[in-house]
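Letters A, B, C and D name the chains as they come in the text, with residue numbers starting at 1 for each one.
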Amino acid sequence: MKKTTRIILSIAAIAVLLAVLLFLQANERDYGMVITIIEKSAIYAVVAVSMNLLNGFTGLFSLGQAGFMAIGAYTFSILAIPASSRASVYYATGINPIIEHAELPIPLAMIAGGLMAALFAAVIGFPILRLKSDYLAIATLGFSEIVRAIIASPQMNTITNGSFGLKKIPEFPNLLTVILVAAICIAIMVLLINSSYGRAFKAIREDEIAAEAMGIGLLHHKQTAFIISSFFAGIGGAMLARFMRSIDSNTFKIALTYDILLIVVIGGMGSVTGSVLAAFLVTASKEQWLRFFDEPLVIGGVSVPFFKTGLRMVVFSVLLMVVVLFFRRGIMGQNEFTWEGLFGLFKKIPNLFKGKKKKEAI
Amino acid sequence: MSENLLHVENVTMQFGGVVAVNNFSMDINKGEIVALIGPNGAGKTTAFNVITGVYAPTNGSVSFDGEEIICNFPKGKMKKLYAGENNGVYTRTIEKTPDKITKLGMARTFQNIRLFKNLTVFENILIAKHLREKANVFTSTFRLNLAEEKKMKDECNELLDILGLTDVKNDIASSLPYGQQRHLEIARALATRPKLLLLDEPAAGMNPQETIELTQFIRQVKDKFDLTVFVIEHHMDLVMDISDRIYVLDFGKMIATGTPDEIQNNQAVIDAYLGVQEDE
Amino acid sequence: MKKRILALGVSAVLAVSMLAGCGGSGGSGSSAVAGGSSAAAGGSDVIKVGVFEPQTGENGGGGLQEVDGIRYANKQKSTVKIGDKEYKIELVEVDNKSDKTEAVTAAQKLVSEKVIGVIGSYGSGVSIAAGEYFKDAKIPAIGCSCTNPQVTEGNDYYFRVCFLDPFQGTVMANYAKKVGCTKAAVLTQKGDDYSVGLGTFFKNAFKNFGEIVADEQFETGAQDFKAVLTNIKSKNPDVIFAPSSIATAPLIIKQARELGITAKIMAGDTWENGEIIKNAGEHAEGICLSTFFDEDGVDEAGKAFITGFKAYLKENGKDEVIPAVSALGYDAYNTLIAAIEKAGSTDPSKVQEALKGVSVKGVTGDISFDDNGDAKKDMAFIKTVENGKFKFLETQKVQ
Amino acid sequence: MSLNVFLQHCLTGISLGGAYALIAIGYTMVYGILRLINFAHGEIFMIAGYFMIFATANFGWAVGIPVTLIATVVLGVVVERLAYKPLREAPRMSIMISAIGVSYLLQNLTTYLFTALPKPYPEIPILKQIYNIGGLSASLVTFITPILTIILVFILVYIINHTKIGMAMRAVSKDFETSRLMGIKINKVISTTFVIGSALAAVGSILYFTDRMSVTPFSGTLPGLKCFVAAVIGGIGSVPGAVVGGFIIGICETMMIALGYSTFSDAFTFVLLIIMLLFRPTGIFGEKTIDKV
């Protein structure tokens, strides 16, 4: 395929996408659920790609994403909640005078959230990145629990509002803004992955010892990946805070990290497009497509006994196990989306059917 | 006498109670091809790993190009356990990590090929160029170093061309035939622009024909890139053919050193390889 | 090779989305619950009412009880007359899983279903999270048992039919004083705004006439309270105030008694739940709590509810004890219907206007809203557990 | 803090530590052999609680206990067969993710089957007898837990050191590939590991829940994580290490609360973990390994 064809196709795809988004945005009332799902997916996509940067591209098994999201979300919220409504947010214990008037414009507050997460990553990364795979996983998981415990503790009441959580967080003005922020974040990470540093990360994933022998400083590069990943997890946290408009420490439980990890696995470790695709698929199926499992099902007047609340999550986890066991590489493996791949697929489909027919004939 | 490039002094490497390398010293001068030989388990690769910074030696020091890059002495638990010589001679600890040592101009290959298997041949080489990059992570991400990036890629293409790997440029490294993987590993080491090239059994698993080709390849590379080469090898034909000097290790100790001719006629070496004849 | 893998991947995606697509179409058809066969009729004579409750997760148990009350109310009064036209009321239930992140999408789901109003939720945190969304969509919501002040504050679209935590905290503090307690220990769940909030209000009120000797918090999901309770025991309080979820309550009660703590144990509305007695057994004897409703304190209409609802519970294989939250669910539903009738319109914002001035005789007392949207309720029922049953003690008012 | 209070805290801590130790053994043994953090172990512990509830309801507690043990063991082995065995040749990360997936599945399944409401745990009358010694007050199970733990550990250590299967287990944990070549039936060894781990988790579950009295689908998550931390602190792969780690975590947690830092008791467990990993990544009893180049 010629390069120009590819560019034209890409532009066309983006245009169609934009048109769909604009249409949804214009008819906000009718497509509220779709918009919510797309927004949530976009936010999860940012965090999933940031996790993939570590787990899939650098080969560091980190389970601390929720902790960094929490740092980002709280930093953002503290700086972005309008000063006028702060008194009512901190109704129980009052607000610390230091942050009482610290209000930043929203974009700056989001970046501040990311930077704070990155700062924490820099501090803890130095010691814990020396640890090997599983130990690193469990240490980062522990870190994220520590963050949560500190945020919720009564000692932090005047800053994080302890158990009461934060609310009145400024929302996203519209769908397009969410997509735009997510797209910028993911684009930067893609640029990084394709840069010389990204190649060095991949080298570390492939073979640490060989990478080091090729002059790639392990600690320095792991640290860089960890900080950048945490920065975007922090931004993702800030986005989640804007999306939810009220947060508390329980939002950032280990389950959140697991959810993100599942997206990364289903999408394929080491594939950005896989993560993005999986973020949308997983969110949509969890929130919408599988919801009917939770409702009583009546077929011909007979109610099917299994359909009751909770079945949706069981079905979802079974699907997940199937992916983990039988499609270990996920949707995309380590590959990225290409037009050639897509067309190749279309060409294959007729063959697939042919193949089936032959088998049936036999 | 030409200029000294690598100076290894009294290096001892002890794992628990096992002394893998015992009081090993050697020198390599610029422009030489030096070989390290010895029976299996003699400690050759361990010595290599000490020199390249993978293991910190228990005792001893290594200098490269006039700079001391490694120095250590027994401490902690090793203080009691130490079974080597020259205890107390060294009092400083210098531990350069392998990447720093590579940056100084020492590049290596591995006994059991360690390529970046799932990446392409071109990427494998390009990654080795990373260490000379001046751009930081931001300028690199936002492509503010286009000129440098282009230069890196051009150099890689040139290198592939010289080494005859252009045809397989976009193949996945693990899909190459064995011999080519060996060549690629050497090419990757060369991409770091080393002064000293360390080859760990480059001819392992090769048939005689391939070994001859490899011999020529090493010579050619050495001349073209103005290298000093340090090689561990079992194929005696290759070693005797290309080496200027040879060091022989047995049970961690150096038992002989000299030119290929001297080594071939050295009784200790013959005993080590063939086993000492019992009195009859 | 690369392409084949990609192709395989994309085909997997397609397969999944096709599967999911089928699911989606099935979902939209079956998500209407109580309407039964009439759901298929569709069209303009159906009004949807959202039920925003946790059915799983930490508060899943309490949420389900609230849903029971709402379902029963819907069964009793399944149509509403607007003008001359009779509309069928259809419940749209969503599970917010006691989780704020889920709550947001669950709320959005209700908005997209174009419900005329929302009832719920058990647990204040999820209500606070969802409130902003209902406000944006201009859909009125009526909380049943979410007692945290933050739910309705600054939100014109959130109403509630129960009393608030500051009131409840004061009531319990007054009651504790009345039964002769001078030293109180407070035990709350970190990270839970209901628990910590109610605990704080209790403390503030109790400080006026007694001493807070211990103020401890425990982690969400904690199961071992012995160490915390040992600390409390050493301070020798007369009363332990431990507002918490149904899941943790029996653990606290049993472990306290096992440690030989004889102090009174008190809590808030969440504890009026048969599960606690079932779990804590004989140890539950003597615990005190405040609640919204008592079976004996109702009028004729209330009695009809009690007999009817008990029969309904029996039919569904549940215990024949009426939890207060079910009664609140029932009241919230009826309040919403009354407002719809009063508004005479299917426009949610008109219903919201109507709610402001609505006045309903509910089984938990008369319901009308103040400027904040909170029910003007000035009475709480204090209950205890005796012989394995909740027993009404007295009513408490705060001036 | 009066002496009495201090002793009561010690008792609580030791008893909690005993239960943690039993669960931690499951983690440490599986990690020793498969190099896998069995994230589902906490859930198996939780489901053992449900088994006990139903078994006791149907057969009384005397029969209920063996039934629970057997059912838990079967569950443990089935999980291994279905979720871990197919991934034996896969990268470590895949199998770990599979473990997370299993834990996710078991949690959702129990929520679906039994709802999120806590289920009362059956009372075993003998164990629940409350004793007062001086100012201390506790039920028998509180006293029994640490003692039973120690006895079981001695039996286990004997099995590992003096039986054929124990020797095979040690060999596999030292070198998976070589022991396979030496003719050790790897699958049998792994199954045995899961049998022992699950059985101990079931015993731990009975002791833990008898003492704490109700079970929810989330009862296993936090103890599971803490017990893994205990295993790491003790030195992963070492059975005595897991026991010591379990007691350390149990006692530290209790002491944190005793000192008035109840809000940080969980966080402290993880702080302890990170400190341990930094200064002695191999844990108290762990052995150092050198990567071959």
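Note that a contact is a pair of C-beta atoms (placed from the backbone, for glycine too) under 8 Å apart; a residue touches a chain by one contact, two chains touch by 3 or more.
This structure is a prediction, so every number in the text was calculated from the model and none was measured.
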Central chain (distance from its CA mean to the mean of all protein CA atoms) = A
If you take the mean of the Cα atoms for each chain, which one ends up farthest from subunit B?
-> C
Expressed in whole Å, how far the mean CA point of subunit A lies from that of subunit D is 32
Could you please state the distance in Å, as a whole number, between where the Cα atoms of subunit C are centred and where those of subunit D are centred?
-> 36
Which whole number of Å gives the spacing of the CA centres of subunit B and subunit D?
-> 47
Averaging only over C-alpha atoms, locate the centres of subunit B and subunit C and give their separation in whole Å.
-> 71
Subunit A, residues touching no fewer than two other chains = 149, 152-154, 209, 309-310, 313
For subunit D, residues that touch 2 or more chains besides their own | 111, 115, 221, 263, 266, 293
Multi-partner residues of subunit B (each touching 2 or more other chains) | 54, 110
Where on subunit C is subunit A touching in the complex?
-> 2-3, 5-7, 9-13, 16-17, 20-21, 23-24, 26-27, 30-31, 33, 55-56, 60, 93, 95, 99-101, 104-105, 108-109, 111-113, 125, 128-129, 132-133, 137, 149-150, 153-154, 188-193, 195-197, 200, 217, 219-220
Would you tell me which residues of subunit A are touching subunit B in their complex?
-> 188, 191-192, 195-197, 199-200, 202-203, 206-207, 209-218, 224, 228, 334
Okay, in this complex, where on subunit A does subunit C touch?
-> 29-37, 40, 85, 88, 91-93, 148-149, 152-154, 162-165, 167-168, 171, 240, 243-251, 256, 268, 274, 277, 281, 284-285, 287-298, 309-310, 313, 327, 329-333, 335, 337-338, 340-342, 344-345, 348-349, 352
Touch list for subunit A against partner subunit D, complex | 55, 61, 124, 127-128, 131-135, 137-139, 141-143, 145-146, 149-150, 152-155, 209, 254, 258, 261-262, 265, 269, 308-311, 313-314, 316-318, 320-321, 324-325, 328
Mind pulling up the subunit D residues that touch subunit A in the complex?
-> 31, 35, 37, 82-83, 86-87, 90, 92-94, 96-98, 100-102, 104-105, 108-109, 111-112, 115, 221, 225, 228-229, 232, 263-264, 266-267, 269-271, 273-274, 277-278, 281, 291, 293
